[in-house]
Structures are given as C-alpha cells and as structure tokens.
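Since the structure comes first, as structure tokens, the remarks are kept for the end.
Note that the chains take the letters A, B and C in the order they are written out, and that residue 1 is the start of every chain.
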Amino acid sequence: MNVALDVSNLTKRYGAMAAVNDLSFQVMTDEILGIAGPNGAGKTTLFDVISGLSLPSEGQIVLFGEDITARRADEICHLGLARTFQLNAVFDSMTVEENLLTTAYFGRSHRSFPGLRFDSQSRTDCDETLELVGLADLRRRPASELTVLQRKLLMLAGAIATSPRVLMLDEPVGGLTQDEIGHCAKVLRRVRQERGMTIVLIEHVMSFVTELADRVLVLHHGAKLYEGSVDGMTRSEEVVSAYLGASGLRAMKLATERQDHGATA
Amino acid sequence: MLGKNPQERDYRLLVLFLLGLGVIAALGPSNYLLGQAALYLIWAAVVTQWNLVLGVAGIMLIGHLALFAAGGYTVAMLGLYFGLSPWLSLPLAAVAGFVVAFLMGLATLRLRGAYTVVVTLAIAMAMYQLIVTDVECFRKTATACYSLTGGARGLTRFGDFGFTKLLGNGMAQTGNYLLAIVLLGLCMVVAITVAHSPYGRAFQALRDSEPASQARGIRVEKFQLIVFSASGVLTGLAGAVYAGTQRTFGPQVLEFPTLLFLLSIMIVGGRGHVWGPILGTICLALVKESLTSFAQWQNSTYAVLLIVILILAPEGLAGGLSRLAARFRPVHKEVSS
Amino acid sequence: MTDILVTALALGALYASSAVALALIWGTIGMLNLAHGAFITAGAYASLMMVRDLGFPWWTGLLAGAAGGAVLGALVHLLLVARIFGRPNFEINIIIVTMAASTIIVDFINNVIGPATTRQPFSIEGRISIGATSIGWQTLAMIAICLGMALGLTLLLKHTSLGRGINAVAQEPTAARLNGLSVGRVVLRVMMISGAVAGVSGVLITHSTAVYPTVGQDPLLKSLIVCVIGGLGSIPGAIAAAFLLALLETVAQFELGTKWGYPVLLISVVAVLVLRPNGLFGAREITRN
C-alpha cells in the first residue's frame, strides 16, 4: 500500500485567520477517504490549496512522491490529481463530448505546442469516460441544457477524462435526491473498480460518506478533529459534539446498520 | 448536407461565400462599389480576429484597433521613408501587429474584466495621442512640414498594390476588392480552424470558467498570450491591406466611431460565433449605406442597433440562424436520461 | 515648483471629483460606466444652457449640471442597467452598452445643440498670491467644490441610510435583498448620484476651457485610469490616485512636454497593475454574477 497523497503541517492563513491549521494526513493508494466537518471547517480551502488554486502559507504536499506544494493548478492536473468543484464547473458553451475532449486533451499531460486537431488518444479517453459515467447518449447535448444530476456527472467525467490517479470531489452529491445520490455512488464505485482510483471526497450527506469511504477525516476550524474508520467516527465524542449532534449520530448509525445488513444502494 | 462535420461544413460554406464574392466582381459593378465593398471586407476581417479574443476567449480587449494601426502605419511609413512596396511590407505589418498584441497581452496577463478594458483602451488611446500630437517637423519640403507619423492628417503617397499595372487600367479597385476577399478568406480559415481545434476549445474554456480550465490542465496565461498574439498577426495584416488599398492611413482608425462600428458588427453578428463577423458586416453595411441622408445620426443608429440586439437577442444574427438551422436538422434519436 | 503644485492641485481636484462618480458605480454594482464621459459632457452643456441661454446666475449652472447628470443616470439605469443586471455576461455587456449609450448622447448633443465649440459664460475675477505664484479665485472655488463633492459623497456613504443601503448592496446583494432592500431602487439612486457628481464635474472641468460635444472623452479616460490605479470601487483610493496622477502628469508635462502626459499615465497604469492587479487600494474581486 503506497501513500498517494501526503499532507504535512499544512496551514493556510487569510490575514490573522487560519482556514487550514497545521493539518497533516495521508491518503493511501486506491482508498476512498471521506472528509467531513461543519461549514467553515476549511474543507474547500484544503482542496484549493492541494489542487494548486491557492498557495499554502506553510506546510508540504506530496503526490506519489512528488512535491506539489508550490505548483500551479494545471501542472498538478498533469501530475495526476483532478478535482471537482462545489459550484458546478463545466464548460457551458460546449457539448458534453466537446467538454470531455477538451479536458482529456489538455489534462492528460503537458502540451508545449497543442495541435490543430484532437488526437486519437483524447477521443478514446473521451469515449471511455462517457461510457464509464453513463453519459454516452448525451454526447451531442450542449452542457447548458443538462439536468442538475447530468451536470454533476459531466463535471465528474471531465475530471476522470484527464486520466488522474487521485480524484478529489468537493460535495459531489449536494442537492441531489436520494435516488440520484445512489446513482452517483454506483458510478464512483465503478470508477474505482475499473480504473483503480484513489478518491478523496468532501461531503455533508453522511450516508454517501459512510457508504463509500474506507476512512474518514473530520475537520473543525481547519484542524484535524478525527482521522480513522467510519465506525470509529460515530464513537468519537469530539466528533459527535462538534459536528454530528445527537440526531446526526442517529442518522449515521442507521446508515451504517443498513450497510451492515447488506442493503445495496 | 454540406459536409460530414461542422468544421467541414464551415469550410465549404466559406468557399461558396468567397466564390460568390468573386463572381460579383465579374458582373462589373462600379469602381465606387468595389472600393466600398473592399473596405467592408477588411473590417469584417478585423472583426473575425477581435472576435477570437473578445468573443471566443472572453477577454475584455477593447483596444484591438491598436493592432490594426500598427500594421497600417508599418506599411505607410516603410513606403514613405524607404520606398518599400506594400506587398513587401505585408509580412512586416503582420509582425508589427503581433508585437503590439503580444505586449498588450503581457500587460494584461494577470488582469481581468474591467481592468483589461481600461489598460487595452489606454494603450490604444496612448497610441492615438502620440500620433495626433506629433507636430514636429520630421521632413521639410519647400512648402510644407511633415511630421514623422503624419499627425492628425495621417500619411499618404506611400504607394499602393499596383493593380493598375498588374491588371490593367481602371482595374485598381477590382484588384483591391479581390485582395480584400483573399484577406477575409485567410482570416476566416484561421477563425474556423481555431474554433474547432483544441486551441479554440481552450479559449472557450477560458471564457466559460477559468478555475475549471486551470484545474483541467489549461495554463491560462499561456493561452491568453496565444490568443492575443495570434489575433495581432492577421489584424496587422488587415491594417496593411487597408493602407495599401485606401492609399491613406491616419489616426481616425483609433477613434471612437470606428471602434463603435466594429463593435456593432461583432455584437449584431453574434459575439463568439464564427459567422458572426460576416453576418454583422453585411447587416451594418446595409444600415450604413441606407443612412447616407442621415449621416450625422449614423453612429447613434449603430449604437441603438447594438443595444437592441444585446438586450433582446444577445446571440446575434449567427446565434439566431444557428438555432433556426437546428430546428430543420433531422433530430438524433437520443435516449433521454 | 509651486507652479507645478498649484496646477497639480487643481488638476487633482478635477480628476478626483470625476473619478469618485465612476468609483461609486463600480463599487456598488460592479459596473464600469463608459457613459461617464457623456454624463460629464451633458453636465457642461446643461450648465451652458442654464446660464447662457436662460440667463440664470452662474452658480445655477452647477445645479443644472447636477440635474442633467442625474437625469441621464436615471435613464441609463432604467433603459440599460435594469435590463441586463443579473443576466450572464453582465460585466462585458454593460461596458459595451454604456459605450453605445455614450455615442447616442454625444450624437444628440452634436446634432441637436450644435457641434460648435463654446465657453462657459461665467468667470470669477481675481487672483491671490501663494509664494512665487498666484492662483485664481475661480480655480480655488473649483477646487473647493470638487473637494466638497468628494467629501460629501464619502459622508453620504457612511452616515445616511441611503449610504448604508448602498454599502449593503455593494457587499452582499443577496443578503440585502433578503433584508427587504430594493436593490433596483438603490442602483437607480447610485446611478443618479453618480450622474449628478459627474455632471457637476463636467461644469467644473470646462469652467475655463472650451465646451464641445466630445469634451467628456478625455476626462473619461483619465477617470478610468485614476479609478483603476486607485483600485476600482474604492472611493478614497480614487481620490488619492487622482491627486497622485495629477502630480505625475503635471511633472511629466512640465519636464518632458505636453504630449508626454498621456503616455506617462499609461505607463503608470500598466506598472501599478503589474505589481498590484487590483490597484493600489483595490477591493477584492467583485463578481456580480
């Protein structure tokens, strides 16, 4: 088991406030790590810093042995880390297919001199991703005409098309119905199975986290509140009092029990 | 119908359009009409390049005409002071356009939105001011004093493309017209190729969402510079063609009325659409020609037209037409999810 | 030396009064108002008509300028801003549309009132000496009015309920709306206030120079540069940048010649923005959509 992502003593300050505070954790290859925590706990800031959209104030980030602490977002993408956003980020003026061709072409690896045509590798990546995510029938549809679920799947597909080794998802199922959430869980499980992907996901929808995550990291005020198994999280007093609350705890227990009894999504 | 994919369709439409324009020349229209048409074709060419930056890439470049001026003044000054024929100055004009565009791109690299507007506008205005306040004598003749850049009057007598010699007497305007067709053809080929290429998609991605583009491996600064510089090459060339066909070049091209006219072409045609500039030019040319008795209100007319289209039909003529065409195209059987 | 300072002071006051109007709109709505120059021109002409054609005393010209600018501000809001506020691409669309509106206004003045160059019909006689140089009472009055407007605007924003409403809309339009504030009404008032200030600055700018239909173009560009250097949306930033740039321009013109004033400003803009892409006192990114 290798370390896919190694974060050490990461701090991000805005003025006097530390949005991420001396955070250290590791993500193992092929595991799914869930990141939870109340709003304002610094989760999206953490993603921004790791994915290169923002520079850390202190600390180090290592991706498969390569230091990416001060690298640009596009470089980090080429090194194999792809992320999605809370606010839907797809290319609205293009069709589904064009979206994926573009991300596949530019995201797979660095291109000093882009060509005048999309190469066959990009077309293959695009087609395979469409199949994987289940959007193949919608390839000619303009992105602006998709439903909420389809947009989220497109954004996910856009990230997958860059052939990443680590996928970072920021609240992938926020605002979706129960059925839609189940659909997304199925897609993600298929992604991990067929591609062998390391996944880090931020999510408030606890059932989604418990279903998919091998381990969880709970943040509070930018610092680590808990890191460990999902089970352990429900038993941790700090997590319960700071984040879950009594009813949240009950919902979680219900979700874990459903899972234990072999209920499928 | 016209081709197996949108890109082929665009190329074939372009060929048809250019052939059509050429055929018009054979019908023997007056020299005046040919001259006017050549002028409109040159403006259309300029807008195709401006459209790449402002429309496709969504970069708020307002001072685009500085690139045009760079090309035009290159031809005018090389012709006047070194006797260089405009034909030979063409590549140099393209380089001049490239250099100014590259510098403009550099200056606005980390800027966004309104800041880009102000800086690019200021660059164009600075160029204008420097030219217009240039009154010192650079060349003296017995009767008059000429400044280096020609000042507010502009430059003349720097040569032309020599179509009278090449094609025969009375054929100068025909030659100009044909050259303008070639220029527009070249600009449109570039626009169509870029639009369907990875470059075009990268520019579009920049416009749609910068953070998403970056997160998917598109280096924003690099592509911003690329789109600026590329547009400068052909815009500089267009300036050169203008200078050689109109046989005069002055700072009027940097004034607000010209800016507004070209902006109207872009918006009415459909900002960001490949066929927008041509459609917009046809429309605005018709408007302009029918306004000859109301010449003092022509700027307002373009302005009103621009405002109306922007508010009521923001996709412009090209957007409207493409939506119409989509309704008549056979519907793919798509399984809705 | 005092010559330069006095000139720069007068110029700075003019730039400041004009620039704060622009900064107000940008800070509140996130809109770059390219019709600003037309507001300035309209104010100058309103004053001209009030005093020269209607025969009222000179100081009513200022009121006419304010009124003319306010009316135009309201029109631009109702016909243009209100139609595209909140729609996609607001930022670029409003720039294009106000540029077009400016053309219409200038064309109107040109064709209906006349393209001839005239002068404002009032003047205050007399000068007072300061050190080695002297300054006219008219210039002093102009400086006082400019500073008064800039100060008045700042006070309005801090201490009135209208000002609080403007700040609320500027910082958090959704929250403002949820708290019962009519964003449209605030925007209308902002446009009218900005128009009024621009109109008065138009009167002041032309108080001793010619009045012609495109007289607002140069002040517009200068205001844009001043605001951008000061940081779009920051009113104190605009005031500070106005005096800074006036000094820079005056020094450049004294030392290098008049035609270098503009290029020096341009170099300053580019230089400042390279180092601080949001201007010297720039607000954080303002995204309205």
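We adopt the following convention: a residue touches a chain if its C-beta (ideal position, glycine included) is under 8 Å from a C-beta of that chain, and two chains touch if they have at least 3 such contacts.
Just so it is clear, the model here is predicted, and its values are computed rather than measured.
Minimum number of contact steps separating subunit B from subunit C: 1. Compared with subunit C, the chain whose C-alpha mean position is the greatest distance off is A.
Chain closest to the overall centre, judged by the mean of its C-alpha atoms against the mean of all protein C-alpha atoms: B. Centre-to-centre spacing of subunit B and subunit C amounts to 32 Å, using the average Cα coordinate of each chain.
Computed centre separation for the pair subunit A/subunit B is 44 angstrom, with centres defined by C-alpha atoms. Averaged C-alpha coordinates put the centre of subunit A at 48 Å from the centre of subunit C. Counting only residues that touch two or more partner chains, subunit B has none. Across the complex, subunit B meets subunit C through its residues 54, 58, 60, 62, 107, 110-115, 117-119, 121-123, 125-126, 129-130, 133-134, 256-257, 259-260, 263-264, 267, 296-297, 299-300, 302-304, 306-307, 310-311, 314. Subunit A meets subunit B in the complex at residues 51-53, 72-74, 77-78, 82-83, 85, 89-94, 98, 101-103, 105-110, 114-118, 134, 137-138, 140-141, 147, 150, 158-159, 162.
Interface residues of subunit B, counted against subunit A in their complex, comprise 193, 197-199, 201-202, 204-205, 207-209, 211-212, 214-220, 272, 332, 334-335, 337. Of all the residues in subunit C, the ones that touch subunit B in their complex are 26, 32, 80, 83-84, 89, 91-93, 95-97, 99-101, 103-104, 107-108, 110-111, 217, 221, 224-225, 227-228, 232, 258-259, 262-263, 265-266, 269-270, 273-274, 277-279, 285.
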